[in-house]
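Mind having a look at this structure? Questions to follow.
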């Protein structure tokens, strides 16, 4: 009878227009020059903490040890330009903060074009795009520009100025825990170290903020831990300080990134491949967005690398529309506010919320009697037998009960009987209220 | 060398003509009006107990509790009709006992056609068929008729009489245990609650009776427990009284139903999917009747629902030709004696007997020596080596021995080497008699 | 990024020309008349022991018990012929030692052609080939000849002489252990009981000798146990005397046979299917010789039968180009020195050496830190981030590290990330030397 199971969609309730809000936040934050450290990160975290209703901020001194790493020096930049002999600023940080290689040392020199070329970065295959380049762990300086601009540079001398500071200071990050009835925790994380690019990365932090706002506005069974860090080093630092707690409590986690465009969703498994995070995202995408792209663990490239490293082994995977590296505007000035939209952000919000709501309802039940319970005396069964069996809801009820063995969670039951878990959850909850089932989730 | 393994069929020995006997029994029992309870059930069980050489009968009082259920009141019916203003019985129970909704309360009223229509059941898509309808757990009454008959009813007043009794009494069922050398038990069950329909259900009880007669006539290794009950409530009651014993002893079981037609076999797995019942039936159908239909556990609809419920978890699956609900005559008056045949019943008898004989021989063996035994000195190996190896029987012997590790049963070995288990069994038994193998079945 | 992993071949270092050496050895040994026992075996083992730099020889008395078997009598043959009435030797052992059925009793009689025919063997479907026939365990005598020769025999009397000895004596075999730093052992075995045939069997013993010579010339992590025995009875005897030791130490083993031709490789799994021997051979063939033929365990026909028998359960599989029985010259006089070649032997040598080298490097590593180690400070990571990620070597490093969980061996890691294990091994060894990884192989 599986073919008869209606695959009717369950609507997710998202409150008033989070898509519009998220897009506005992204517009406000777009001009800020973020990096691993520095005031751009602080500005961004202050703004997001404000819209999400509170965020704990942490300042970690440069040099702090975390596993195999140390927190780098703090970088701040005020201005930077390359000026030709006529006094024209042919490259100017004030026009686009991607023009300067992240973590560039201060410099004030005059160079020939040939000498300057050693410090320039452009993309021949995308001649209109300014590439995004950083050099966090080797001291150097450089400028990025479009290949067309680079080709237009004439021989001559150029004055090069970068007014930056790269010195001991602090790395800043934010986190907040929204407690639920259980200490079982869903981890949501995104990163705040990229300058003016919209899909990667601003879409992630604004989605995280919108989810935080909603989760704070309601009662939850699960606890939510939200983290906004600089990529890699921030996550490594966070894990070095919270690993035991995270391993004890986190049941699933997602790295939110590239979630503002309108393209297909992506699924990239954890190293183990079958954690709750994998199961719920795969289930939601299978049921509601089946055209999604499937990647392997080998395609990972963001903070899931740290969460899935041996010994850390936390159930964390990316949540993304088009995956990093797989869309043309990635890591260039083309990844601007036109790549994302209120509708794209809203869609991602609804999809992640569906995952969250399914995890909220993903209990394990045990039938309170042996053999099938008598549904008829509870008004859950047709009283007159007919040739073609019973309807869809009765069928789902009977099939769900057949798997309520105290070991299979609702996601497992929904997969076994071929229906979306969010159709199954209210049926199970009604049966539990009616005394037919007991919830045995530990 | 698997391609060289002759897939030669092994003949099953069935004794004299059980197909003809079963068909005669079905003809005798066809007119009886069976239901969950009542004298029709008693008549049927008496008849079957007689032909199968003995059946224990049990009378359970109405209201008896069993798990989440209670035994319903007893229903008996003497006559019923709907008479038009001219005194014509337009519907008459005496013509076909499907005309009355099962468990109809007594009634004697005169109604307009419109009022009568509320109590009529017909099938627009099968206008010649009287549907089979029951209302066990809600008190009501009704009549079933072909859609053509229903359309022919003219406006006017109709006298409606149902001369039935629905009152505390007893539910009747029968069972018998045929002991073998081991208490390991094969459970065979069928149900006796359907009025005049042939494939579903009379084919099941007559096959069960014929198997009982044969099993009683010979020595068996396994014990056989045969049960004839009203569907669902009878099985729930039986499980509520025998669960511990069944869980301790039953290694495989089959619900016999819809086994009298000539159509393809069906395989519907248990919830766990790989019990001995699944393995042996799949093996026999794969080897001998490969065109069978494969269903999922979600398609289950008869007493396997109770046997596979969580906590009961008995290894019981249906044994059926065309599965219930999947053949056109199902649950209508069209499911008459023309749907079944002596040949169809005989074929099902042979197939179930093949399953039984394989289970009888499905021991676990361990080789008595390390390395291959020297077959040559036992006359089991060609004494002169030749270019193309040895023949089929030698190959089966060598390959079987390679899996006699004291853990793999004969079914597992037959699957591993790609031959029917009933070709493997005599080879293993001969090797055991010759001292090459020891049987380690616990 | 898996598609970017270069599948660049790793070169195996084989020393000076082993292919030429092996072919010369095969030519020297080709004329010797080998059998289960006798001086031909001793001559062969002496020769091979000499070229491989030492081989322990063992003489086992006839009748010695080993599991279900006894060592047979020793057979030696000096001459044999069939002479027609004109004194022509129409069949002469001196021309080809395949002419006499192995283990033929001495005989000196005159027979009619009809009587003689009872003792002749030929192959109608290969009329130019002398078949290879033995009768080890039933006393008889016989001659083999091409079908064309047989057809040419004219009616008349024939004098038949076989000057052989079949009497209590000894069975001879050889073995040697080349110790490594670990007592974990790779077993390499071949058999020395076939008369003048080149691919089956001389290619196996000469490959074993060449591998022994190389393994002795270098330091090894693993221990190598090399065995040259008569097929079946020799292996059964060996197992009967060494089983506990082999079970404690052997991690993988190969029966070398049919390794001198130029045809595709074969893979025939062990009974369990996933031993280290299976994994490494499958891996090497998948990565470097993907056109290989896949067989099932049921196709086994040589000493792997004994190694895989229940209770013995040693991880031993064949190593072969075209598998025994599957090439046209098999077990006939056509399997002569033209079937094998220096190039074919060299290729097999390199492939088995690649398996050996991968097993040598197949350690299990654990990352010494949590999260990803900082590769940049060790010069293993690009210092400037770019749009398209990092190169191939960095990617392999990062992906390998992701599986260094102290449980997955290098083969498992190479399979997970889709590269040849011999590309992965030097990267892991460099990381271990740099302190990033610890080797936890027990």
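Annotations for the structure displayed:
First chain written, first letter: the chains are A, B and C, and each begins at residue 1.
Please note the rule applied: contacts are C-beta pairs under 8 Å (C-beta built on N, C-alpha and C of every residue); 3 or more make two chains touch, one makes a residue touch a chain.
Fair warning: this is a prediction, and the values are worked out from it, not measured in the lab.
When the CA atoms of subunit A are superposed on those of subunit C, the rotation angle is 120 degrees to the nearest 5.
Both subunit B and subunit C derive from one sequence, and where they touch, under half of the residue numbers involved are common to the two copies.
Note on chain placement: the centre of subunit B and the centre of subunit C lie 55 Å apart, centres being C-alpha means. The residues of subunit B never reach two or more other chains; the list is empty. Residues 1-2, 366-367, 369-374, 376-377, 383-389, 398-399, 401-406, 417-418 of subunit C touch subunit A in their complex. Those residues of subunit C that touch subunit B in the shared complex are 66-69, 101, 123, 131-138, 140, 235-236, 239-240, 243, 271, 296-299, 301, 305-306, 308-312, 325, 330-332.
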